[in-house]
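Both of the next two complexes hold subunit A, though its partner changes from subunit B to subunit C.
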Partner chain A sequence: MKKTLATLALSAVMAAGPALAELVVPSLSYRTGPYAANGIPFADGYQDYFRLLNERDGGIGGELVRITECETGYNTEKGVECYESTKSDSTLIYEPLSTGITYQLIPKVTADGIPLHTLGYGRTSAKNGEVFRWVFNYPANYWDGASVAIKHILDQEGGDISGKKIALVYHNSAYGKEPIRTLEELAKKHGYQLSLLPVDHPGQEQKSQWLQIRRERPDYVIMWGWGVMNQVAIQEAVNIRYPMDHFIGIWWSGSENDVKPAGAAADGYKALTFHNLGDDYPLYDDLRKYVVDAGKAAGAGDQLGTALYNRGMYAAMLAAEAIKTAQEMAGTSQITREQLRAGMENLEITNAKMEALGLPGFGPEFKVSCQNHGGDGYAAVAQWDAKAGEWKLITDYMQSDQEVIQPLVEEDSMAYAKEAGITPGCN
Partner chain B sequence: MFYREAGDFKTSYADDSQTFPIKFDRWRYYVVLAVAFGVIPLVVNDYWASSVLVPFLIYAIAAIGLNILTGYCGQVSLGTGGFMAVGAYACYKLMTAFPDINIVFHVLGAGLITAGVGVLFGLPSLRIKGFYLAVATLAAQFFLVWLFNKVPWFYNYSASGQINAAERTVLGVPVTGPNTEAWAQYMICLVFLFAVAWVARNLTRGTVGRSWMAIRDMDIAAEIIGVNPLKAKLTAFAVSSFFVGIAGALFFSVYLGAVEVGEAFGIQKSFLVLFMIIIGGLGSIFGSLAGAAFLVLLPVFLKNLLVGGLGWATDLAAHVELMIVGALIVVFLIVEPHGLAQLWRVGKEKLRLWPFPH
Partner chain C sequence: MPDQILYAMEVMINGLMAGVLYALVALGFVLIFKASGIFNYAQGVLALFAALTLVGLQQGQIPFSHLINAVFGTDVHHFGWELPAIVAIVLTIGVMVLLAIVIERFILKYLVNQEPIILFMATIGLAYFMEGFGDIMWGSDIKTLDVGLPQGASAWVEDNTAWLGGEGFYGFFIDKLDMVAAVVAAVLVISLTLFSQYSKQGRALRAVADDHQAALSVGISLRFIWVLVWSIAGFVALVAGIMWGAKSGVQFSLSLIALKALPVLMLGGFTSIPGAIVGGLIIGVGEKLFEFTIGPMVGGATENWFAYVLALLFLVFRPQGLFGEKIIERV
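Then we have the complex of A and B:
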């Protein structure tokens, strides 16, 4: 009897052993509500990439990745609930895909010591790693996006946009308000007139905003939209016959779901991106072979190759590369959160690395450091080809106007440091 | 067997008119208080505090506030979310303007400011009633949310339009900000709820409460017997908004820590609190608590059951959860239109005779 008990206890320990030796990555997703159309492809891409690593390579550095999914509905209260319910001692990294939830989580992850990666969203001034020790927003942020959009307009207009009218249609939330500061600074520098048109959550009602655009006829319209707001805005632009190639969305307003409802009329709509689009990459062969065809895909498995699926996959790829870097630096495969933060601060994405992963030239090269948690701010412009039904990159990756953005980042992060009582430094 | 008056002799008027006249009930109440104040703070963890208990306590305060206005005074309000926003932004402005003053005073101050705003929006109630008043308060809801989005002074000109709660302490223990312990978060909300419920109970059984109920039951008759409708309605708006403002201030500072007005205090918040008092029971303090518990705990419970227990996909669980909560609300209202409080009352009556009902 005693022996059986001891065996039982031993086998229980052995069963519990491997369970501990896992890399826990929560996926705070939203597959319901007015933002689901955009939330689903991102979550699928994020999870499929980790599933691919598990199936093909046996995890990262020999450690399986365990994904715990939690539905936030893009709602901050549910986001907090999800954070608390998925938080454990072995949780490695959060990727909430919501600027509102990011604002909730920044103080919490700083207190709990968990890395938070906000890929091209969240608080822009988190770029300053000396203040935001646990928050990363590489490879590009909203202010980079605003600046690249203006750069593209400058290129279109032959370098002079003084006196031109530019309208910003934005989601009336922390997310949509982010670029205003930068666009105002750039307006001073380049001399254009900026008009602001807020759209309230969830964004189905935009008649008055587009009526105003119809009346004022701005030369360009920039959009900071998300979820159902994107589709409605593009449809409204079509309705007032606004020239689509003068309508530029941020990277979150540039998915297939956003343009397809407007049909052929959406042809020529532009959106920014910080990674390549489409599924013409060797990695996709593996994804199909190991994940989709094996019936292991997240969600319905029908999102492969869409813009947001690629972005989710890119986010997972960057997280996996950071974990690899951390494993190399720590000399152990079972890394802690502190080690992962060090890995993220030493993350370097090179063309050779992307080629080895089966994603040659997928995005710009960049390097993270403790001082710079935000990458170098490169983005390109993509244009929707309605006939072919795909996005096409029409520019090279351009760097944002660092001389405008860097002082703004400095100012905003220092204000936060003062407010939160943080002494900046890399200790 | 339980809840018997037999053998419980009252020898003074004070004894006769106490909140829990039955001995068993009184003891049960003391046990609940002892557990809430003495046991839960020792065992509560982050998850329980920030996902279950703190939202429950804060929504309970808001529900008591709305219940005073709607349940006791009969004035339908759809402006709860807007008044919570006033509480939150008032608390934020006070916190940033007077950082050295204790947060408890900021929360009370936020309540007072909300009371003022509530009285202002309560003025139309003197001329309009019922659905028309509901629409007037709906206007308050939209106006207030628009105001806090539009005027940068309210969010101290921050680039994102968000307001953030910095760390503040009570007796040296942090109660807001990221370093707050679960028990401290829970305790501050519990103390506020206890105080609010106690005040509300004692107001509603005194002169003020009776004048509210007289207005609710028939305003013309009440006026004829000498109840001043101006005073009764405006005090109801003031007291109700005071409590709702406290709830909004705690919601922002203790619970979420960072708030965006359109998302946190939108129209859906007004409906949520209204559903709480309808399900819990109009005109009942216990009903406010029960309704808040029902609508806060049930979704969390269902989510844990369906996703954690049964391993369903998260989107399917989220949809099924909405359907179950909706169906349960309909069932409850058909079975007991007067809410959970009435169920509790009926249950107590039954228990008096149990197990010998004849």
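Then we have the complex of A and C:
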């Protein structure tokens, strides 16, 4: 009996304890609460990609990826708890999918020496890798998004938007306020009038903001929303008969979830994106074959090809490519976090690489460096086709106005460096 | 008439309409508080659960399909039929009555004569349970609610008021959905007031509200009354869920609409059905006018906090709320 118990205990310890030769990647997800509808597809995409690598390729460089999932509920305190509970010596990288959680984790990952990737969210000035050594926000950040939205408007207006009225409807939070400074700087450069319309969390009631839009009739409306705020804003825009093709959302306001509740009336609404949409890529055949059909999907397997699933999958692909780069640089498959950080700083995404991965032309090419943790700031505009029930890319990938953005990144990151006592530099 | 005055009038009308929607949520709280002295923390989640059930039934979704698929390796999601809206609504009301029976049987029955804080804590537990249960039962995706309610600006109102202003004035904007909500709320309040004042069950409900033990001593079934009042609150939650769900789709943030009801309750009183309506209207108009006039000077987004400030101002002069019962405790 004693022997049986001892064997059982040993088996339990072996099952529960981390295997040595594994790449540990926590997934801070939110599958419950008000933002679950967005958290689920992203988490599914993120985890399914790693599961595909495990099933099809035997992991990355021969090392299996072990995903440890923790539910944050999109709550900053819970996100920090998740970070602390999943953190271990073998933890390689975090992707929290929350700007609030990101802000809390920046000093922690810096102290712990764990890479933090914030794909198109988080602190924009983390682009400056000389200050934010452990934080990466490639391939594009919020300020890139604001600039690309204005570039698109410039294209629509024949290159002259002086005197035009542009309204920003934004989530009244650190996230929503991110583009304001950039839009103000761009307003000085291009001569448009910017009006700011904050919406309080969660954004279920926006009548005042849309009545103001109806009164002031801005030529364009840009939206920085998340969750229910997006659906209500699109519905209110429909209600006041605002032209949907003059309504542009950031990439976090551009999922199927955001437009479907408004039905056919949402047709023509635009949103930015830094990756392609849909599932017409060879990689998705593999995802179905090795993951979904094999019953190994992270979720119900019904989100493939949606905007947020693609984004989660893209985030995992970028993490996997950084791991591969790190393995090549270090000459070992069992990399450390410091080696992964070096891999991320030397990450280069090319068309040839994306094609080889089964994702031809899935996103813009970009290169990361010690100085530039944010990529090259390319984004495109997608438009919702309500009849077909899908997003369609209507522009090529455009680079943001680096002339305006780079000084802002420099200014903000240097202020942080001073505050946090960081000496900038690549060491 | 100067456009600015017209715009203020438009904001006021829309504030009234928004107030009606707040009142719809507040009504559910009032009903349960009146009958049992419980501040039902789960009221917002009840609205969410009712709306989820309505859409699920209407679209022929198989309940617990994710769980079934995960356990049995199947791939089932829908029955393959869709129900007419009215049938789905009737069935949802049935589900809410069933839920009221279950709540009474498994929670309230054991809490007779307990301190209000214990009853309140029980509803917190219920809220978390119902949110998770709704998630497992119907899934977390955002669902489109279509029960045939009209939406968008009323062209008739716009056309017939455009002449009031100058060239730049489009006419008053009034959302058709808000107009429907106003009518529904009026019918609900009148029905509930009549029920409470003139029906046998309504009088029993008021007796229970006054004193549980005295009501029991004259033969009123406390358990039946609780089932009844939770069923009515479930029905009111369904109405609120439909109105709010039509605006944003049915999703889990729907449970947060309870936040909008709190200042209404503080202002209108926890025990008055007309108070919920009047409180809702005052909050709706107050917050919208404040946002219109003062909002631009302070950076906007004033509505959430101003609603509470307004309610607190009223509380300074009437701690029991506008229509709440004055509590006199004799030593």
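Keep this in mind: the second predicted complex is superposed on the first by the 409 of 427 C-alpha atoms of A that agree within 3 Å, B and C clash if a C-alpha of one lies under 4 Å from a C-alpha of the other, contacts with A are read in each partner's own complex, and residues count from 1 in each chain.
One rule holds for everything that comes next: a contact is a pair of C-beta atoms (placed from the backbone, for glycine too) under 8 Å apart; a residue touches a chain by one contact, two chains touch by 3 or more.
Everything numeric in this text was worked out from a predicted model, so none of it was measured.
Undergrad: Following superposition onto subunit A, is the placement of subunit B relative to subunit C best described as a clash or a fit?
TA: In the superposition, subunit B runs into subunit C.
Undergrad: Would you check which partner chain A:37 touches, where first means subunit B only, second means subunit C only, and both and neither mean what they say?
TA: Second partner only, subunit C.
Undergrad: Name the contact category of A:57: first (subunit B only), second (subunit C only), both, or neither.
TA: neither
Undergrad: For A:231 in the superposed arrangement: first (subunit B), second (subunit C), both or neither?
TA: Second partner only, subunit C.
Undergrad: Between subunit B (first) and subunit C (second), which, if any, makes contact with A:173: first, second, both or neither?
TA: First partner only.
Undergrad: Touching A:87, do we find subunit B (first), subunit C (second), both, or neither?
TA: Touch partner of A:87: subunit B, not subunit C.
Undergrad: Just subunit B (first), just subunit C (second), both, or neither: which does A:198 touch?
TA: After superposing on A, A:198 lies in contact with both subunit B and subunit C.
Undergrad: Between subunit B (first) and subunit C (second), which does A:421 come into contact with in this model arrangement: first, second, both, or neither?
TA: Only subunit B is touched by A:421; subunit C is not.
Undergrad: Thinking of the overlay built on chain A, is A:390 touched by subunit B (first), by subunit C (second), by both, or by neither?
TA: In the superposition, A:390 touches no partner, neither subunit B nor subunit C.
Undergrad: Is A:328 contacted by the first partner subunit B, the second partner subunit C, both or neither?
TA: So A:328 meets neither subunit B nor subunit C here.
Undergrad: Run through 9-17, 45-53, 117-125 or 189-197 for subunit C and report the one that clashes with subunit B in the overlay.
TA: Of the stretches 9-17, 45-53, 117-125 or 189-197 of subunit C, only 117-125 runs into subunit B after superposition.
Undergrad: Common interface residues of subunit A with subunit B and subunit C?
TA: In the superposed arrangement, which is not itself an observed complex, subunit A uses residues 31-32, 36, 40, 172, 198, 200-201 for both subunit B and subunit C.
Undergrad: Along subunit C, where are the residues that touch subunit A in the complex?
TA: It comes out as residues 7, 10-11, 14, 17-18, 66, 69, 73, 77, 131-132, 135, 139-142, 144-146, 151-153, 170, 173, 175, 244, 247-249, 251-257, 260, 288, 291-292, 295, 299-301, 303-304.
Undergrad: Would you pull the subunit B residues touching subunit A in the complex into a rising list?
TA: Touching subunit A from subunit B are residues 46-47, 50-51, 55, 149, 159-162, 164, 166-167, 177-179, 255-258, 260, 262-264, 266, 300, 303-304, 307, 313-315, 317-319.
Undergrad: Please name which positions on subunit A make contact with subunit C in the complex.
TA: So the residues of subunit A touching subunit C come out as 31-37, 40, 172, 196-202, 204-205, 207-209, 211, 214-215, 227-228, 231-232, 235, 238-241, 257, 260-261, 263, 265, 295, 300, 302.
Undergrad: Quick check: in the complex, which residue numbers of subunit A touch subunit B?
TA: 29, 31-32, 36, 40, 69-71, 73, 75-77, 80-81, 84-85, 87, 99-100, 103-104, 106-108, 110-112, 123, 172-174, 177-178, 180-181, 198, 200-201, 299, 412, 419-421
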